Amino acid sequence: MMLDTNILLDALVYSNMLALLSLSLTLTIMTLKVANFAHGDLAIIGVYGAYTFLILAHVATYLTLPIAFLFGGLYALLNYVLVYSPMRRRGANFVMLMIASMAIDIATRSMLQMYADVLKLNFKVYSRAFIFNDVVFNIAGTRVRGLVLISTLSVVSLLAILYVLLMKTKFGVAMRAAIENPALAEVLGINVEKVYATSWFLAGGFAGVAGFFLPFRIPTSPDLGFIILLPIFAASILGGINSLSGAVIGGYIVGVSEILGTYLLSQPPINLSTAYRPAIPFAILILTLLLLPQGIASLWSRGE
Amino acid sequence: MANVFEIDELKVGYGKLEIIHGVTFSVEKNELFVIVGPNGSGKSTLLKGLFGLASIKGGKILFNGEDITKLPPHERSKLGLAYHPQLNNTFENLTVRENILLAGYFLDRDELERRLENVLEFLPEIRGFMERKVKTLSGGERQMVAFAMNMIKEPNTVMFDEPTAALSPKMADLIFDRIRRLKTEYGLTVVLVEQNAKKALEMGDRAMLLVTGSIKYLGPAQELLTHEDLASMYLGLRD
Amino acid sequence: MADDPLLRTVNVKKHFGGVVALDGVSIDVEPAKVTMLIGPNGSGKSTLINVIGGALKPDGGQVIYGGDDITGLPPHKRYALGIVRTFQVPKPFRSLSVLENMLTASRIRLDDSAAKILFSSKWEFEEKRLIEKAFEILKLLNIDHLWDARSDQLSGGQMKLLEMGRALMSDPKLLLLDEPVAGVNPTLAHDIMSHIVKLRDEMGLTFLIVEHRLDITLRYVDKVYAMHQGRIISSGSPSDVMSDPHVIEAYLGD
Amino acid sequence: MINLFLLMVDIGTMYGIFLILASSMELEYGELGIPNFGKVMFFAAGAFTVGALAVRIGTWLAGITWEGEFKTKSILYSTLVSRYFASHPLDAIAVFLFTLFLASIMGAVLGIVASYPAIRLREDYLAITLIAAGELFRIFGRNYDPLIGGTMGVGVPDVLAWLPSGAKEAGYILLSLSFAAATWLILYRLSTSPYGRTLRAIRDEELAASTLGKDIVKYRMRVLALGSAMAAVAGVIYAFYMGSVLADDFNPLKTFLVVLMVVLGGSGNPFGTLVGVAVYILLDRTLAILKHYVVLPFDINYFAMFLFGVLLLLVLMYKPEGIIPERPLLTVRAKFCRREDGTPERKLCD
């Protein structure tokens, strides 16, 4: 059973994406207090945004990364402003919000499917199962795949930006305050709605960036957003569902286990079909729920 | 002397529950107005009503001559009215500095720094734990943080809801001392709801005794303090 | 004091974060007596009721009921032993009518299995009997005219009465009442307290009551525990406790 | 004319199948407040049971020896078995009843097993667990060929082959609607009984219900078991009606549609479920007919799904109580709360 470097690097790339996705899911859960079952779709919205731009502008692929951020962010913002926020103001309970997210998932995926049809019709391009071609960077004599480099850089810089925003800026303090105690924040004159909407924009943007990396690894289609939902949730729940740092760590644990586990199980003597891959995040999810329902974040925050 | 508060037949409650059944009173400028009463008499609800956090079922609130009955809390805050809640008055996961910063959210940096200096002069104890998260602080320290959060807004009127509840006597004395100085040194108007009736009445100008949502006494604080039936009235033993 | 206490708490401790809510509380609740817990806000009374009712797990100490340690039992198992509680903020089943709220509490379990409902009509006869019983209790509490109203349309005071009715409907042995007469008008409040005394005398029910309306309740109770800052500071007959300087101090401040 | 007849058959049968599914969802979500986001898994459990067993048992009963792979030959053998059933109605009925029995047990067990890890936790944990379990179940069906023929699907013999054509189609409507009626009556009976009252009590105030002696975990488990068994029954009828089982047919979209029907019709009211299913089927068929007359730059099926997604959002936002809102329930008092002339009276009668 040999692990070659490519598999390890693929695990890194996949985990980078998952970390961004579970982090952003956690951010939305912290504001809405309920799980968003349309979160995976934000990634796909991002990647279709970038892909469209690529078709129109013919620029270097990596230059469309900000487009993915923007599309994911704006769509998440729309979700929050048009659906979740008004529903909550009307007194919807959290099960209803959860059902709403399921409806958004269906509407989003079918919208993407329609869009894929339009794209194909008008530009004669692959609009489903499309891939992005990677470039190879040469850094000090070492050849590094762009995906490995850029996805890692994106995670590091986005985490740094989020950290600085939350910890070092006035707005970030207001954000943490509004998440912890919205009533008190309101009394202090903080516009809690604006703060939450911003969180959703950021979360959607992060998901969009994660989505941007998808077509480098696997053919990407509108329904992929639903398929990646399970590992995202497994990572977020493993992280403690209300902990940003837990979500990032959960993302790496689930990502690495999923890639390496699938690889190892597909080798002799087990020879299991790689189609069973979702079983790994599922097993992590079940074990977390049974053994540590508060997630790994409870391990280090308990002492405080 | 001008009145800060003119309350007319105010009814306050939550949802279907009416807890304050029509009270009429006024609070004078630069006065320390004490509200006492047995548990469950509606003192906290009355304060919340005055700040816009409980629903007004009837009546009118004039604040410095302006009708604020329907104003949301942060608008009242802009008029110089501050409210010190009994519970959940700080953000536990934020540091003390961040808590105070939030209270002065709309101030520019220089103004905030200037005011922070003033506040720290008034509450020097806080200097020792500015960078700690509130959840690591004791009850008394938390009350001081909440106190500071109100002072950063440089209000003209402060309403305290049982600021000394569950504090050690020494800590309670400290808080009482600062409340007194708000009035004497800074010329603020203070409305104080207290369960520690003796202490509060000793330093108060006028007092109100609230029993099950209605006023049972309104007048000089000292008089209520020396009222022979205070104990029984306060415990709610008299109807 | 001849009887063993029906319920006792032994050195119960509970803290929330850094705040100590119960600091080693031991009380005895005698059978067929009305015991009352008093104390200023935040003294830990409701926390103690929550620990005894099973809604909160204590950090230390034990809850003993009829000689057995019930500290770890979930609420529905305490119900099976005869312990039923009401809530400070009423929790009616809001989409159900007043009558159905009452029926839900019954100890005769018609809701035990789906099969029993589907394959037999026997429950309908039982249900009629329960309805009659429910009406008796509703009459007692003066809310029988509201039997068909959705429970979330009641006033706050009426919700309190409904909670009380639900508790009585369950034929409890020990009733934990969290502020049973708060928000109830004085005449009715006195009626309720008289009924409590009557239930104590005629049915031998045991009550543990938390209440602020001392003006109304004190004269009806057998024993009082006064709490302050998570500790019991005084106990005994109502008049003893109310004249205890510690208690007056705790209420008025030092 | 034949066309219209087949359309009616299809509408009638699908109404029955969806009514069973929606009734189970109404029991779980409308009454108890837990939306079963894995509904399709239990529907699939029924269909997979039929797919895996019907043709095998059929060949055994008919004394046909199987040659070749299950995956490639199931369609052929199901045709042969259908031919055998045409002359052996009792065998056909036995196969139907046996798979039905087994499937409902499968559904109930699966309902308990799949929900066990999250049954004590908040509803969103349960939802993701059930969604994920459903997806894995589908993936298993698609990849493990001996079960239901993998990506090829499996043929299902026609258990009504012994009826003349015409009567056979009517037979499927009858079968579907009678099971639907039975399921709905179970739902209605439970809903308007102390059992349903307790479910609503748990939904409204969990802690208070627990204080009044209700074992919440037990009720959740039992209702999920019952609801899942109902869904499995729907799966059995669906499989026999379709004549084949294909794993990818059992995707989460089905769950969504069932949620849509319940919320649209009015959750908490069994009559709402009746209406919700009808409205969905009518909308769906109208869109299917429109397909032939409208030209769009995209597949109209996606457009239909998009509309259904938006419709559910609009209902949740602007009419969350649905078409027929929940009413305070009537248990036994409905029976003795009538005046002499039979009109209901708003007071309790003796």
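A, B, C and D label the chains in the order they appear, each numbered from 1.
Throughout what follows, a residue touches a chain if its C-beta (ideal position, glycine included) is under 8 Å from a C-beta of that chain, and two chains touch if they have at least 3 such contacts.
Fair warning: this is a prediction, and the values are worked out from it, not measured in the lab.
Farthest chain from subunit C (centres taken as the mean of C-alpha atoms): A.
When chain centres are taken as C-alpha averages, the shortest distance to the whole-protein C-alpha average belongs to A. Subunit B and subunit D have Cα centroids separated by 59 Å. As a whole-number value, the distance joining the C-alpha centres of subunit B and subunit C reads 33 Å. Chain centres here are Cα averages; for subunit C and subunit D they lie 44 Å apart. Residue positions of subunit C in touch with at least two other chains are not found.
Subunit B has residues 92, 135-136 in contact with two or more other chains. Shown here, the protein chains touch around one cycle, each chain meeting exactly two partners. Checking each pair of chains for touch leaves A-B, A-D, B-C, C-D.
If you check the complex, the residues on subunit C that touch subunit D are 53-55, 74-76, 79-80, 84-85, 87, 91-97, 99-101, 103-105, 107, 109-111, 113-114, 117-118, 123-124, 127-128, 131, 135, 147-148, 150, 166, 170.
Across the complex, subunit C meets subunit B through its residues 17-19, 40-42, 154-157, 179, 182-183, 186, 212-215, 218, 229, 242, 248, 251-254.
Residues of subunit B touching subunit C in their complex: 13, 15-17, 19, 38-41, 86, 92, 135-139, 162, 164-166, 169, 172, 194-200, 212, 230-231, 234-239. The touching residues of subunit A, counted against subunit D in their complex, run 34-35, 37, 83, 86-87, 90, 92, 94-96, 98-100, 102-111, 113-115, 117-118, 121, 226, 229-230, 233, 237, 273, 275-276, 278-279, 281-282, 285-286, 289-290, 293. Taken in their complex, subunit A has these residues touching subunit B: 170, 173-174, 176-177, 180-181, 183-190, 304.
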